[in-house]
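As written, the chains take the letters A, B, C and D, and residue 1 is the first residue of each chain.
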Amino acid sequence: MRREIPIHQPRDAAYVERVRASFALQPAMALIGAELAVVEPGYTEIHLPYRDAITQQHGFIHGGVVGMIADSAAGYAANTLTPADTSVLTVEYKLNLLAPAEGERLIARGEVIRPGRTLIITKAEVFAIREEKWTLCAVMQQTIMTMHARQERTD
Amino acid sequence: MRREIPIHQPRDAAYVERVRASFALQPAMALIGAELAVVEPGYTEIHLPYRDAITQQHGFIHGGVVGMIADSAAGYAANTLTPADTSVLTVEYKLNLLAPAEGERLIARGEVIRPGRTLIITKAEVFAIREEKWTLCAVMQQTIMTMHARQERTD
Amino acid sequence: MRREIPIHQPRDAAYVERVRASFALQPAMALIGAELAVVEPGYTEIHLPYRDAITQQHGFIHGGVVGMIADSAAGYAANTLTPADTSVLTVEYKLNLLAPAEGERLIARGEVIRPGRTLIITKAEVFAIREEKWTLCAVMQQTIMTMHARQERTD
Amino acid sequence: MRREIPIHQPRDAAYVERVRASFALQPAMALIGAELAVVEPGYTEIHLPYRDAITQQHGFIHGGVVGMIADSAAGYAANTLTPADTSVLTVEYKLNLLAPAEGERLIARGEVIRPGRTLIITKAEVFAIREEKWTLCAVMQQTIMTMHARQERTD
């Protein structure tokens, strides 16, 4: 499961805390049980343990949930590279489901392909891990927009 | 909120029961609170009431949840047109998020564009309804594959 | 072949001339024989007569050529709604090919779904017309970006 | 410009000849001047020299032409892995344009992500090469369908 060394440079020294704080404010991520496991420049990983509550009719993790963590992993990968006073929003994404999301847990890897000033192009891969065997179960290509001075919710 | 009269002909007289039974077996749909409100030939609607648990960091319904109901509404629209002994799976979809999913509820409308024997091309629109004002917040284009003699989970 | 009445308002009274002038500067459109047949607010049509030179190995018009006119029709639909001192560029599109592009001519209809200040979301449908029978052969969903004060090429 | 070693196994020993013969039957590829430069298991490259005839209004190679070679490179990558008596067709693709296609030539690299029996998921990257500097100008994600016993055109 080789991964290339990240080559992106963050523009905000506190990007890890900023991204983690934003993730922690998303009730929907807590609802499905997703964890933001890795935050690096231009790269994040979301890990999702299997639970019955997030499955579909065949007992696999729901494709919509696979899409949620792919979207979030890649969106936060973009967010690691934006300036301090920004947030990001998903313009669009395209997801191919390659195999059933069957396993003890899923790992979504989001990565920046091209960081633009306004638009950031990203991709994600989602793996299903079953008895430590990794199966690529989804690939995604995404467009993210940087929003300047966007207020996050403060609960 | 005009909608064209459906022109598709179901090949399974019991398509409504079959589709509703499949939806009822999806714990992930129950988790987010989604209801399969309308089932017609080549068309379904999924309704989703607002709840804090499905929001993101700005207090809107999470884009990933919007994607989940768009994917499901269009996938079940395809499923209304497949023969009795089949299920469907999502090959891929592409979702554009147009506006924040802000409102008392969301309505996802899934519709078949072209029903093929193996592949069914569909689309979905998701509206956010706030004080009875409808805002189009997402559009999706999707490819569905028909699976013959696929066993659904029996709990 | 019903089409809804356009509801978009152009912000540049000379949008027809501006869009037609831009199209006329695209050698690639001339190469394949494409004509910009209709220019309305938020809507354009590109017509493409059949020629052997634009076919693929089965004798149908090449899917890549179908993509070209879909991309251009929707991009110019966006361009009808931008201010005078702007051009547009394609951020991304997603194209489903539904049927072989077989006929005497193709008609690509591009339409704006949502006109934003920076990003414009559009769609296109491509029909193949054979002995006046219309077949929907492709659908596309697209993201366009407005570029301010972008210089067009002056030959 | 590193590329991973191909790990796919062709099921047809004559895949190179079969794929090259199919490409040679596409007038649209000749029209734009595209060459099938590399054919390996699960991988192809299409090279496209700059010509005025394939540009858009800013003098760059037209985005639709970029899409054509991305679509073809990835489609033929899929075709290298299908049995002897088959052809392939594009179900859908999604293309992000990252930078203007500006240079002496373009190189589209198509690669199989997952080879299924009916559906093959692929990707493509398109580079613009200017004075030997490579710029990634497009990325694509695609679904290909295998057609059994499909007759190619014999001129």
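Here is the rule we use: a residue touches a chain if its C-beta (ideal position, glycine included) is under 8 Å from a C-beta of that chain, and two chains touch if they have at least 3 such contacts.
Since this is a predicted model, take the numbers as computed values, not measurements.
Chain centres were defined as the mean of their Cα atoms; on that basis the chain farthest from chain B turns out to be D.
For the pairs A-C and C-D, the larger set of C-beta contacts lies at C-D.
In this assembly, the C-alpha centroid of chain A lies 29 Å from the C-alpha centroid of chain D.
The centroid of the Cα atoms in chain A and the matching centroid in chain C are 33 Å apart. Centroids of chain C and chain D (each the mean of its C-alpha atoms) stand 23 Å apart. Those residues of chain A in touch with two or more other chains are numbered 91-92, 94, 96, 143. The residues of chain C lying in touch with chain A in their complex are 91-92, 94, 118-119, 143, 145.
Chain contact summary for the complex, chain D toward chain C: residues 22-23, 25-32, 52-59, 61-65, 67-69, 71-72, 87, 89-97, 150-153. Within the complex, the chain C residues that touch chain B are 94, 96, 98-99, 113-114, 121, 123, 136, 139-141, 143.
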